[in-house]
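First up is the structure itself, then whatever we jot down about it.
So that you can tell them apart, the chains are marked A, B, C, D and E in the order they are listed, and the count of residues begins at 1 in each.
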Amino acid sequence: MSGSTIIFFMLAAFTLISAVMAVSTRHIFRAAIFLLFTLIGVAGLYFWMQYDFIAAVQIIVYVGGITVLIIFSIFLTQQAGELLPKQKMGRQIFSALAAFCGFALIMLQVYQHSFNQTTATAIEPTVANIGNRMLGVNEGGYALPFEVVSILLLAALIGCIVIAMRSKPVTS
Amino acid sequence: MPNATYIALIPLLPLAAFILLGIFGRKHFKNSAGIIGTFLLLVSTALALYTAYGYFFDYGKVNGVYQKLIPLQYNWLQFSPGLSIDIGILLDPISVMMLVVVTFISLMVHIYSLAYMKGEERFPTYYAFLGLFTFSMLGLVVSSNIFQMYIFWELVGVSSFLLIGYYYDRPSAVAACKKAFIVTRFADLGFLIGILVLSFYSGTLDFNTLIQRLTSPESSELKTAVAASFLGVSALTWGVVLVFIGGAGKSAMLPLHIWLPDAMEGPTPVSALIHAATMVVAGVFLVARLFPVFSMSAPALEIVSYVGISSALFAAIIACTQTDIKRVLAYSTMSQIGFMMFALGVSGSGGENGLGFTASMFHLFTHAMFKALLFLGAGAVIHFIHSNEMKDMGGLRKYMPITHITFLIACLAIAGVPPFAGFFSKEEILLAAYQHNSFIYWIALITSGLTAFYMFRLYFNIFWNKEHEPQGEHHHGEGGFAMMMPLLLLAVGAAAAGFIPFGHFVSSDGAALESEFHFQFSIAPVALGLMGIFTAMWLYKTKNNKPDKIAVSLNGFYKAAYHKFYFDELYQLITKKIIFNLIGRPAAWIDKNVVDGFVNATGSTTQTISEKIKGFQSGKVQQYAIYFLAGVIALAVLFIYVWK
Amino acid sequence: MNLTLLILLPLLTAITILLLRNTAQVKWVALTGSTLQLILAFYLLFVFNNERSAGNTAQMLFELQYNWFPAWHISFHLGVDGISIAMILLTAFVVVAGILVSWNITKMTKEYYFLLILLSMGAYGFFVSLDLFILFFFLEIAVIPKYLLIGIWGSGKKEYAANKLALMLMGGSALVLVGLLGLYFSTPERSFDLLALAHFNIPIETQMICFPLLFVGFGVFGGLFPFHTWVPDGHSSAPTAGSMFLAGISMKLGAYGCLRVATYIMPEGAKEYANFIIILSTIAILYGAFATMMQKDLKYINAYSSVSHCGFVFLGIGMLTKTAMTGAVLQMVSHGLMTALFFAVIGMIYERSHTRQVNEMGGLLKVMPFIVSVLFIVGLCSLGLPGLSGFVAEMTIFVGSWQNADTFHRVATIIACMSIVVTAVYILRAIGQTAMGPLKAGFENLTDATWNEKLAAILLVAGILAIGLAPSWLNNLISPATDIITQKIFPMAIGVK
Amino acid sequence: MNELFILMKSELLVTGLLFLLLFIKIGKGIKNESLLLIIQSLLLVNFIIGFFFNKEGNLFDGMFNTNGLIALQKSILSLGVYLISLLFADWFKKSEHMAEFFMLMLSALLGMFFMISSGNLLIFFLSLEMATIPVAAMVNFDLDKKISSEAAMKMILSSAFSSGILLFGISLVYGVTGTISFAAMPAVLDGSPLMILAFVFLFTAFAFKLSIVPFHLWTADVYEGAPFATTSFLSVISKGSVAFIFMATLYKVFQPMQDVWYNMIMLLSIVTMITGNLFALRQQNIKRFLAFSSIAQVGFILVGMSSNSPAGTASVVYFILVYTFSNLAAFGVAAAIASQTGKEKIDDYKGLYQNNRFLSWVLALALFSLAGIPPTAGFFGKLFLITAGASKGNYMFITIAALNMIISLFYYLKVVRAVFMDKNDFPVEKITIQFSTKLALIICSTGIVLAGIFSWIYDYIQALS
Amino acid sequence: MMEPGLYHLLFISGALFFIGVFGFFTRRNLVTMLMSIELILNSVNLNFIAFNKYLWPDKMDGLFFAIFIIAIAAAEAAVAIAIIINLYRSHGSIDVESAEELKN
């Protein structure tokens, strides 16, 4: 067993265990922290796959952005220290069952499937390559999605501002 | 060939009276309606007489045989090639004879009603209806096409309905007119199906063609009709028997007679016209019209004769017990028509065999005279007494002498006392029966004795018996001239009509039939008739308690006869209990609850399901997501594993 | 003659009504429009007969065709034959009479007349269309006006009745739609054209599926047993003119569809299912008549009797002989006029006595002789009195039915014949209780018909008499058209005598 | 670059409008009334421009496609937005966030334009999100209503969940085929079980957006909670755009798997029609009622879609045009009533006709059109959908669809009955409607009546598809 | 055990996905539900990167997809949090079961 393999399994275990903890702990802050761990674990897997750029993005956006956002929202909406309410047992079991069935189904299909594979030469996911493509308009260029996302982010921003910056009190 | 136009006018003039008086009468002819109607009918009668003269003495006879002439025919409705309703005029001895009878009796009634119905609120309507009836009856008798006959048959029925229901605000009249219509309609169902059967096998609706196709031995139509059978009876028999049912209904034959006594709710002149002289003999006329076809089927003739004779006897027995004078006359009518009917039944076709046919028609003719007379006379009595019940009458001979004499003539005629008209016709009928079927002959003989008895029972009860106590201004009882003239004219007919050599004109094959007079044969019926008369005289000439005693001694039988052998009750049972409760009510119930219920149930089930499944939309977003995932998994499994 | 006029004229009338401000003018416009339409219908009859006598033997006359939705091969294809003209005449009569009897309507007058005219437009369009798509279009166009007419101006449990009617008719049209699509896709060129479909031999398998769909679908409109249950409630809840239109025109749409679409296009299917049709219609005839006997409400009486009478139409169709089919069409016309008149009379009586229960009335002949005389006429027509149209139609059906020589058809015919007695029973009961007998207290001051009511009644009575007294003009108009239909069913004309 | 301007004319115009609004908002110089006028006129231009300079072509390496039909679809959507801007003018003018609302709506519209034109899964996904996320914000625009935020929460969470499912599906498709380009995909689709699984994931995301049962559960809640303008946008524009791209995807990209998706669509169509109808039967709130009825309508759209033919395309596009008119008219009337009286219950509509004839007739017309009653265009729309669906010869399916029209008629008539027949002692008082609202209602009614009878509208669509 | 590869990664991503799904189903707090969504999106990203690396390294479709998903996730999260905060203000709670007024 090579070192890479060991690292992989450790990363995998870390990610999954964190994920399970993130959805099961009754302390909301711990959940946020476990989410953070999971995201870092996923980033680790990207590193493991030598996709450095995406790993970096993962860390910056998720860890630096989204998690912080979530923690802020927890601060805004939650009295700290209170335990999360427990879901009904029936719902829990049913959800677990549904999730497991889905998982089993997908894994079954995935493992039965023999994937095709390209024979063409790989493109290295370097920052330069990515940057060129990102703003390219020709074959393999992603300028259009880039523009779309930018407008989307603008729209999301406007939406957030309008909704969150409400002035009048609620009348129900 | 006769001129079609004026023959057509015979029925059309009364129709014109109907339209004119029906539409404008109420406003414009309030008082003159009677005169208008009578005048139009007078013209019509004159034309009918002229036609009869022409037919019998001028153009009708070719080579010694009276022809069936069709001076007018118009294609009214074409069903399919060869099968059409043609409205036309068929002249043959019986139709010409009927033209005369109908117009004459109708004219008498028109005239009589001028006085009798005077002052009625719906006077114009009355004359309009009379016109409609006369038109329909005339149309019926001249029909050249079996469907045309059916058409006028129905019209006759409806005009009878209208006239019986003339006093529409009397519940009893309403019930009577409904009953008359419905019972005859029920019979007409048989007629209609009979027409369908006959027309299918003969391929035509035209009388002449139909008779020709179904009687000539070599015709293929006849062979098929005889060969085809249903329930073991040949199609031909079915056809004519069904047609006969129609005739039996109209002619009040057993067991379809129940409407006739009730029909006396109509004004009395109407009873004279419709329920004595004309409409009720339509059944006889129908059988006579199709007689050649009937004669091809022995079972059918048997049925006709037995229905006829049993009705005759049955009605005669009931007539002996009734106290309403119009009802007595009604049952007597039924009895006499039974005579005509069985006369046809015992007749053969052609030559000497056709005696029954001639006798029947002869009796029809004479009966029209004396029965109309009886009714009109009874009308005069009722007009005077304002009651139909015998117990309110008695000793009227002093107050209404003319009525008395004419009534007596009519009674003698119907009783078969020579030389009055009834004697001759009844004699021939009995002779025909005697030659054919002795059982029927004996029954007929007894019935004719009974006839004499109940007629004179009526006569004595009205004009003799107890003395009448005049009340108030009822000093002289006779109606005016308008009422007396018809009585007198009819009395002449009733007295003298028997001397017409009827066989010369009317016979089953158109050739003259010499009727011989058998003196020795007449002894028995005349004797029986006289016996009946004297019995009646003994019982009823003066007031005594003998009738009551006899009634008591005949207890059960008398009661049954008095209650008309419970036929009405039987019908009540069938209609109310069976038709209404067992068919009508369930049908309505099924419609409300099953058919409709199914539709409503579909609606409410949908609503219920809609209510039941609302839990899916629980408002819980997580549950939505679970359903979402479940849907995804279900679809995936379905399409990966099951539905490839 | 341009047949579009028949559709445009009502449309124009309807639009004019919408634009009017003055409610008093509305009814005059409606009357004028419908009278013009009646004149147009007569003109159509006239030119049609002229063309025919000039030797024009084309199946349909005055055909015209515009492409409408070329992508679907839908064309605005109009044309008439004898049957259509008979139906158009019927519609024109009933519409004029209907407008006349609703002269005194005060509630939402404009809308009322608008809907009436719209309804009539649907009927005209239906009867002249030769393309099944537009036929269906016009069939459905009439559903909502009926719903609104019952729901807004009706009486009794009107909302229930309106709903039931709309939903059942919609159900019928759903079946029709599926059937039509089956026909459409069975032809190689994908056509909705009636004549094209008729000349193309639809495969027998398709016929076996589509015939019942279409027949039952149209049958729902026509009140075919056991899909008739909208009839009693719908008719009795509708306002007078609404009932007249419903029973007089609307039910005929269904019957016409059964004949023209189902039977004509799919002769094999008709042959296969004829026995079912006969059984259902025979049941309807007798069962409807018996159910009528038990009704106490005049409108219910007429509604149930309509079920019975429309059973004759289906019987005539199911018998598959030319005469019976001609009789069926005659019965459509006859029943249309008769039932419209009956409803008109019931409406007149109700307006005065404020009751429709027969046992609450009596002796009305005394106070309203005109109305009651008309009631007599219509009752007698209903029970098949000669000289009135019902007789002609029923007898033609009977004679035609009898031409089938086997026991099954015979028995069915006899059972159907029996209804003439039952009909007599319920008609006489109804008339006897309402019109005859002693006058009930409180009815002494009722008045007779007004001019508009008289006019309406006379118009319809004239129609009834025109058929009843001289049926051959109508018979000659219809029978060539039914001949074509039966020829298709039995190409070698069977030896019917 | 000239080509870019022509091919992306609608997108550029909308983007321009979006930025114009942004600058105006920043500058705060213009009153709502005049701003609305500007927006309306530019939207009208946007609608009209869809009929000119149409060219077939693609940009950005096939990521962006356009042709006449797509341009027409965009025009229909623009028309819808234009009508919304007219219909709810009253509400807009009162709102202090009108500019923001329009910015969100326009960005969603822009997202839809890109979505319809999208040529690969990435741009499709992005534009789908762009058409969703701003709408979630729009749902929350009744800021002082609790149900509005509840609805927004439900919308954003459900759509995020569905995005997750969609993305998982896309990732599997990518893994199996190695491409995300629509053009390249048909050649490499193999119909293997994993592919079917991936397709199901993808399909359900469409189903979610189109509110196909059982993925519809968010619909009614969101429609009810959202402001009228948003609800109508969601039910008409969103749904229309997703239907367009769904159809294009099925017909072009997943053509090799048509057996699978035909059955899937048939099944879901039946379930959708029945469920939508059964739920609609009971509803009292007009928005919720229209939500369920629109679910049933989607079932009908699926019938037409199942035909997999140009006729199917044409009938779906046509139906959506008709549906736009009908549904917007219904929502417009409901909004007009709600904005003045606050009444949203069907029972409150009893006796509406007494005081509000115009609104009643428009509502009735709209409902008849939705129910498919002639002579409204809805009749033609439904009939063409069914006819297209019947071309597969599956009569069971067609019969069920046709029978469902009965149930739907039942509940549409329920409203009609309330409006016209039921008595009410306190009917809705006379409602004054703004000119622009009236104009929009008239446009809708005209559309409802004439879009069917003037067959050239359908012919135009047919020619393009 | 063999060398870790595509299938292992797919297993991890699948597991992550359904852990997220489970969380989404069972968590009652809206913020934690949002967290579950993030898990789901991460699993998808992992899928894309894995496919890109092991199967289709010749183009960078998967990679770009992942990048854009991250961007979308951010936008979605932002709007979602805005909505949640708004909901908190109006309902006084971010328990998902406190907002179930719209139903049936």
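FYI, contacts are C-beta pairs under 8 Å (C-beta built on N, C-alpha and C of every residue); 3 or more make two chains touch, one makes a residue touch a chain.
Predicted, not measured: the structure shown is a model, and the values here were computed from it.
**Q** Among all the other chains, which ones are in touch with both subunit C and subunit E?
**A** Touching subunit C and subunit E alike, sorted by label: B, D.
**Q** On a CA-centroid basis, which chain has its centre farthest from subunit D's?
**A** Checked the centroid distances; the maximum from subunit D is B.
**Q** Taking each chain's centre as the mean of its C-alpha atoms, which one ends up farthest from the centre of subunit C?
**A** Greatest centre separation from subunit C goes to chain A.
**Q** What is the identifier of the chain with the smallest separation between its Cα mean and the overall Cα mean?
**A** C
**Q** When all chain pairs are ranked by how many C-beta pairs they have in contact, which pair ranks first?
**A** The chain pair sharing the largest number of C-beta contacts is A-E.
**Q** On a C-alpha centroid basis, what's the spacing between subunit B and subunit C, in Å?
**A** Taking the average C-alpha coordinate of subunit B and of subunit C, the gap between them is 36 Å.
**Q** Taking the mean of the C-alpha atoms as each chain's centre, how many Å separate subunit A from subunit D?
**A** Once rounded, the distance between the two centres reads 31 Å.
**Q** Would you mind pulling out the distance in Å between where the CA atoms of subunit D average out and where those of subunit E do?
**A** 27
**Q** Just curious, how far off is subunit D from subunit C if you go by their C-alpha centres, in Å?
**A** Once rounded, the distance between the two centres reads 42 Å.
**Q** Mind pulling the subunit C residues that touch 2 or more other chains?
**A** In subunit C, 167 touch at least two other chains.
**Q** When you check subunit A against every other chain, which residues touch at least two of them?
**A** 91, 94-95, 98-99, 102, 105-106, 109-110, 115-116, 118, 140, 142, 145, 149, 152, 156, 159-160, 163, 166, 170, 172
**Q** Residues touching two or more other chains, restricted to subunit B: which are they?
**A** Where subunit B meets two or more other chains at a single residue, that happens at 603, 614, 617, 619, 621-622, 625-626, 629-630, 632, 636, 640.
**Q** Using the touch rule from the top of the page, what pairs of chains touch, sorted by label?
**A** A-B, A-D, A-E, B-C, B-D, B-E, C-D, D-E
**Q** Which stretch or stretches of subunit D touch subunit C in the complex?
**A** 311, 314, 368, 373-375, 379-380, 383-384, 386-387, 390-391, 393, 395, 398-399, 402-403, 405-406, 409-410, 413, 416-417, 420-422, 455, 458-459, 462
**Q** Touching subunit E in the complex: which residues of subunit A?
**A** The contact residues of subunit A facing subunit E are 1-2, 4-5, 8-9, 12, 15-16, 19-20, 22-24, 28, 31-32, 35, 38-39, 42, 45-46, 49-51, 53-54, 57-58, 61-62, 65-66, 69-70, 72-74, 76-78, 84-85, 87, 91-92, 94-96, 98-100, 102-103, 106-107, 110-111, 115-118, 120-123, 125, 129-130, 133-134, 140, 142, 145, 149, 152-153, 156-157, 159-160, 163-164, 166, 170, 172.
**Q** Touching residues of subunit B toward subunit C in the complex: what are they?
**A** Those residues of subunit B that touch subunit C are 26, 75-80, 82-83, 85, 147, 150-152, 154-155, 158, 165, 168-169, 171, 173-175, 177-178, 181-182, 185-186, 188-189, 192-193, 196-197, 199-200, 203, 230, 579-580, 583-585, 587-588, 590-591, 595-596, 598-599, 603.
**Q** Over in the complex, which subunit C residues touch subunit B? Could you list them?
**A** 164, 167-168, 226, 228-230, 232-233, 287, 290-291, 293-295, 304, 321-323, 326, 363, 365-366, 369, 380, 383-387, 391-392, 395-396, 398-400, 402-403, 405, 407, 413-414, 417-418, 420-421, 424-425, 428-429, 432, 435-439, 470-472, 475-476, 479, 496-497
**Q** Touching subunit D in the complex: which residues of subunit A?
**A** 105-106, 109-110, 112-113, 115-116, 118, 137-145, 148-149, 151-152, 154-156, 158-163, 166, 168-172
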